[in-house]
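Two complexes come next, and they have one chain in common, chain A, joined by chain B in the first and chain C in the second.
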Partner chain A sequence: MKTTGFIKSKALIPWIESIREKYRVFLPVQDTEEARIDFMDYDDFLKLGSKEKKERHIINFSEKTQLSPKKVFLPLTEKLFDFEYIKDTKDPNNVSTDITITEPDKKDLPILLFGAKPCDIDGLKCLDIFYGEGQKKDAYYLDKRKTSILVSIGCNRPFPDCFCTSVDGHPFNFENADIGLVETDEGFTIVKIGEKAKKVIDESKRFISSNPPDKDFEEVIDSFVQESEQKLKEHWKGIEKSEISKIMDRSMDTGLWDRITAKCISCGACTYVCPTCFCFNIRDEQKGLKGERYRCWDYCMNSHYTLEASGHNPRNEKSKRYRNKANCKYNYNIKRSNNYYCVGCGRCIEVCPVSLDIREVIDFIIETDKKTPIE
Partner chain B sequence: MNMKNRSIPINRDRDTVNHYLPIICTVKKIIKETPNIVSLQLIIDNEKKRKDFYFEPGQVGQISVFGFGESTFVINSPVSNKDYLQFSIMKVGVNTTAAHNLSEGDKVGLRAPLGNWFPYHKMEGKNIIFIGGGIGLAPLRPLICFILEKKEKYGKLTLLSAAKTPDDFCFKYDIRTWDKSKSIDVVSTIDTACTGWTQEVGLCPSVLETLNPSPLNTIAITSGPPIMIKYTLMILDKLNFKEDMIYTTLERRMKCGIGKCGRCNIGEKFVCVDGPIFSLAELNALPEPFM
Partner chain C sequence: MSVENNLKEKAGEIMEDLELLVGYSSTNLPLKVDPVFIKDKGGIDSLVFTKTCINNLSTYAYSLAKSTEGKIGMVLKPCDTRSIIQLLSEELFERDKIKMIVVGCSGIIAYKKVQKYLKGLRIISGKIEGDSLEVGTIEGKHSLKSKEFYADKCYWCKIYNNPPLFDEFIENEKELDAVPREKYEDLDQFESMGLDKIYSYWEEQFGQCIRCYACRNICPLEICRERCITHLEVPHWQSQRINSDEGRFFQLIRVMHLAGRCTGCGECERACPKNIPISKLMKKSGQIIERLFDYRTGEDPKKRPPLLTFKDVEENIKEEKIV
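Let's look at the complex of A and B:
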């Protein structure tokens, strides 16, 4: 891997400080007492308040964040618009004479996401494709993404549940990132500068030095890549992308999915932490004549998700809901855009309270399919 | 670390069209169709938007009663009618109850047109049997009106209209006119016999079976509650209708209406953008059962 510059560890915070003038910077912050780690607005990080609170929060690039950085571009709740009824109070019928709709303020700094792992960046690419396809696109998501810059740090130390290499990913894949960094003992080596990030890098020249002379960085990085790759391959033997859609299509039998999901409690934790889950709900809140319409994350494991007002529910059983979820990731979106909507981050496996492992599910389906005679 | 002044906001281009913003409409007229169904006739407030509005038969719209939410209904006024847009709403849930509480002159939001429409060009030269149950007649209404305006292009037309009781028929005024005009054969049926009813009695699928329409060069279009569609499709199969000659509308819970919120999918298709109108051939090709 070619390197194009180096940022010393002690230059990192000053660099982020300088970027902050023109960007809203999000980066992984760990609460060392509660062991929580999550992407946080750098402004909020600085505003943490009491000294104790400040001290226990650290910027940490080596851990996996509990939620993916999806929430930076698709907030858990996001206002779509404000509305206000205008009514003639004297009218006995209480008829509204007009309604005004106001979009949220469009003036905002562009976002710079700092230190997301390649799998999470791939997750954002999935959302880019999904929200950007079709005749009608998602303005709220795309407008945030259009101006944003993604800074990715390669994954030196894959976690036990990670399996990105089995789903088209790689711990050092910077294809979808605007800036690619590799963390070494001394700092961060720049390995990719995309078109979108040229300006930021040009303005950051004073923080970027050449590689420390005593080390052959390219060799070091290559050894990282090999090590990570080796580890990840042991985590899941993987699947054949050209076959998986057909296998999933053949495996729609609800009996099969009943067996798979017997222990599932439909809690939806897997969808909550998933970097590619794109579903949301839209709701109104109103007080007096004013209100707002907002959207919030929704999850397909909830029986109310598809429940119609009439009482008709096309996916009333959890087996059908889980079947839809697994197919969404390993079938439907491969058909739509030839992408797995699973980036192998392993979060769903870590959080599942009943240890339902998507790798085992897919393996089980493939095994069952092999045993089933073709009609 | 000092908090730097960041008062120079960069204007974020919003050149992606925001499809979540409804346009404001006025409820011009409310028609009570049945004890629990009303039709709202809406007029778009903005003159330019009103003039530019264009839709095809079978397309749907999202009606907002602000503060309650948004629901999907088919635009059931004829496409040639430029005076208003009509939506028929059955009182079943929170949003529909709010819609029933509207008065003439009230304001609502509308996002329309959404979804696909009936492939009426493909239907030219063919006989068509329309099968509508209850409020399921609503998606068929704009298509029937459209086809009746160009009657010479189509073959024999039949409408099988089903409802629980004589009171539960939507668009009674249309059914009467169509019946009188002789340009479309109208068969009406109710679930159980009652005094004063002279037409068919029985559930839609069984009446269809008795009617025994020839599948030869004939297209069947069904619309209604899921349970009715399920059994009607079985009868059509029994009557040897080919799967590419059968069209059905599907209902699913929807939120965004533009294929982004996820919930209305059947396999890799979204009912809100790839539907709500599907041929049975398309539905049978989907991996996930649609019923």
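Let's look at the complex of A and C:
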């Protein structure tokens, strides 16, 4: 891997301080007391309040965050606009009303997401396809994404539930990142600067030294890459995209999915931590004449997700819901955009209260398919 | 013979009468087990019983009792039987529907507690040998003592080898080695920090709630699940917004709905992907119910839960003193 610069560990925070005026910086922050790790706005991090609270929060790049950074671009709840019905006060008998709509100010600074793992960045690419390609484009998402800069740190030490290499990913894949970094004891080596990131790098020249501390550095990085890749390949053998799509098409039998999901409790933990799950709900909530339209996360494991106004529910059983979820990740979206909608981050495996492992599910389907004679 | 072998043997004996057996099997994930649904004798070999069998399998009791024709065998720890007893006391299914195979327990390691000790770092390896617990994170290995990381309920457990209700009982040759604590000791300590601090503590915690409803869906007693007020459109009690106000509303409604029903199994807290200490709230409601109605959940299937019935005069309720 070619290196193009180096940021010393000590220079990192001063660098972020220097760009804070121009960017909203998000970093992975660990709450050491409550055992939580999540992306946090650097401004919020500085405003944490009491001394104890400040001390228990630390920036941590080596762990995986609990929620993926999709929440930075797709907030859990996002106000779309305010509305107000206006009645004719002079003539109360006039029932026709006017409506005014006020959109929120868009003065937000561009977002700089620092320290996301390559799998997280791949997850954002899936969201980009969903929200940004096709006939209808999502302005709310794209407004944030267009100006944003994604800084990715390579994954030196993958976790046992990670399997990015089995779903077209790589622990050092910086293809979708604007800046690619490799972390070592001394600091961060820059291995990629994309077109979008040139400006911020130019502005930050004084924090970047041109030479890595060690002249064999590129070799050291290459050894990281190999080691990490080797480890990941042992976690799951995976399957070819085109093949799994066909197998999933053949495996729609409800009985099969009943068996797979017997232990599933049908909660939304797996979808909410997933970097590629893009489903949302839009609602109006009104008090008197004033109200707000907002968008919030929604999850397909909830039976109300498909409940129709007539009362009919096409996915009333959890097996049908989970089948849809697995197909969304390993079939439908492969057909739609030739991408797995699973980046192998392993978050769903980690949070599942009943240890339902997507790798085992896919393996089970492949095995069952092998045993089933082709008609 | 080990408990595990005895369990397999017993399961083999009664499997013929069962339509389904729910038990624990092993997984590759460190310090976790996998609930397994066994339909024939061949599957029995996959059963395990270790110190990591923290899941309360009675979570599946109500839905299986409603959807299965035959009898369901269920591997339970003595504390898990409380959930079944509570469900029975509410007459939610017939006693003979669930065959309770209770296995004596010598303390269960709480994954979340270990993770909290590790300050939130992920557990990438775990090994239990005797009373030592070895866990690894990407930063390094830690040698711990198992008995310091048991689930909270283990520390005041008196029924670990003496279940209140069972069909088959497999005694554990090991004793529970936890140093006993008073049940409400931690609550007293927590409450001593004063109302202001308690309030801001919970505000922060509720702000973390992403409303994935894992806590609700894993609860053996929250049989309402999909018929929850959170999904009601008319009246629209709960907004779908995800923020601390809505988190607080949802969590407190949960507490109210489980007051006098929660048996303190701690599954809600275990299932929470954001590590919110929910069971602290549940425990408090249990304490209040115990004081007001002299009622402890999950002890007697014939006793009516206090909030499912009423008395003209409640001896312990003196309105001005309720705090």
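Some points to look at:
Keep this in mind: the second predicted complex is superposed on the first by the 364 of 375 C-alpha atoms of A that agree within 3 Å, B and C clash if a C-alpha of one lies under 4 Å from a C-alpha of the other, contacts with A are read in each partner's own complex, and residues count from 1 in each chain.
One rule holds for everything that comes next: a contact is a pair of C-beta atoms (placed from the backbone, for glycine too) under 8 Å apart; a residue touches a chain by one contact, two chains touch by 3 or more.
Everything numeric here is computed off the predicted structure, so don't read it as measured data.
Model built by superposing both complexes on chain A: chain B and chain C fit together without a clash.
Contact with neither chain B nor chain C is seen for A:Thr89 once the two complexes are overlaid on the shared chain.
Legend: residue contacts after superposition of the two complexes on their common chain; A:Arg157 is shown touching chain C, with no touch to chain B. In the superposed model, A:Met252 lies in contact with chain B only, and not with chain C. In the superposition on chain A, A:Ser210 makes contact with neither chain B nor chain C.
For the combined arrangement built by superposing the two complexes, chain A sits at the apex of an angle of 90 degrees to chain B and chain C, based on C-alpha centres and given in steps of 10.
Shared-chain residue A:Arg283: touches chain B and chain C both. Looking at the superposition, the partner that touches the larger set of chain A residues, chain B or chain C, turns out to be B. Of the two partner chains placed by the overlay, neither chain B nor chain C lies in contact with A:Ser242. When the two structures are aligned on their common chain, the gap between the nearest CA atoms of chain B and chain C comes to 6 Å.
In the superposition on chain A, chain A positions 281, 283, 285, 298 are in contact with chain B in one complex as well as with chain C in the other. Those residues of chain A that touch chain C in the shared complex are 30-37, 62-64, 66-67, 76-77, 157, 159-161, 259, 262-263, 265-269, 271-273, 281, 283, 285, 294, 296-299, 302-304, 349-351, 353-355, 357. Residues of chain A that touch chain B in their complex: 17, 20-22, 43, 46-47, 80-81, 83, 85, 93-99, 101, 103, 106-110, 130-131, 134-140, 142-144, 146-147, 248-249, 252, 278-286, 291, 293, 295, 298, 300, 305-310, 312, 314, 323-324, 327-328, 331-333, 335-336. By the touch criterion given at the top, residues 27-30, 32-37, 55, 59-60, 112, 115-116, 118-122, 124-125, 138-139, 205, 208, 210-214, 216-218, 225-226, 231, 236, 239-243, 267, 270-271, 273-275 of chain C touch chain A in their complex. Taken together, the chain B residues at the contact with chain A in this complex read 1, 3-4, 6, 9-14, 16-22, 24, 64, 66-71, 92-96, 103-107, 109, 225-226, 251-253, 255-256, 258-268, 273, 287-290.
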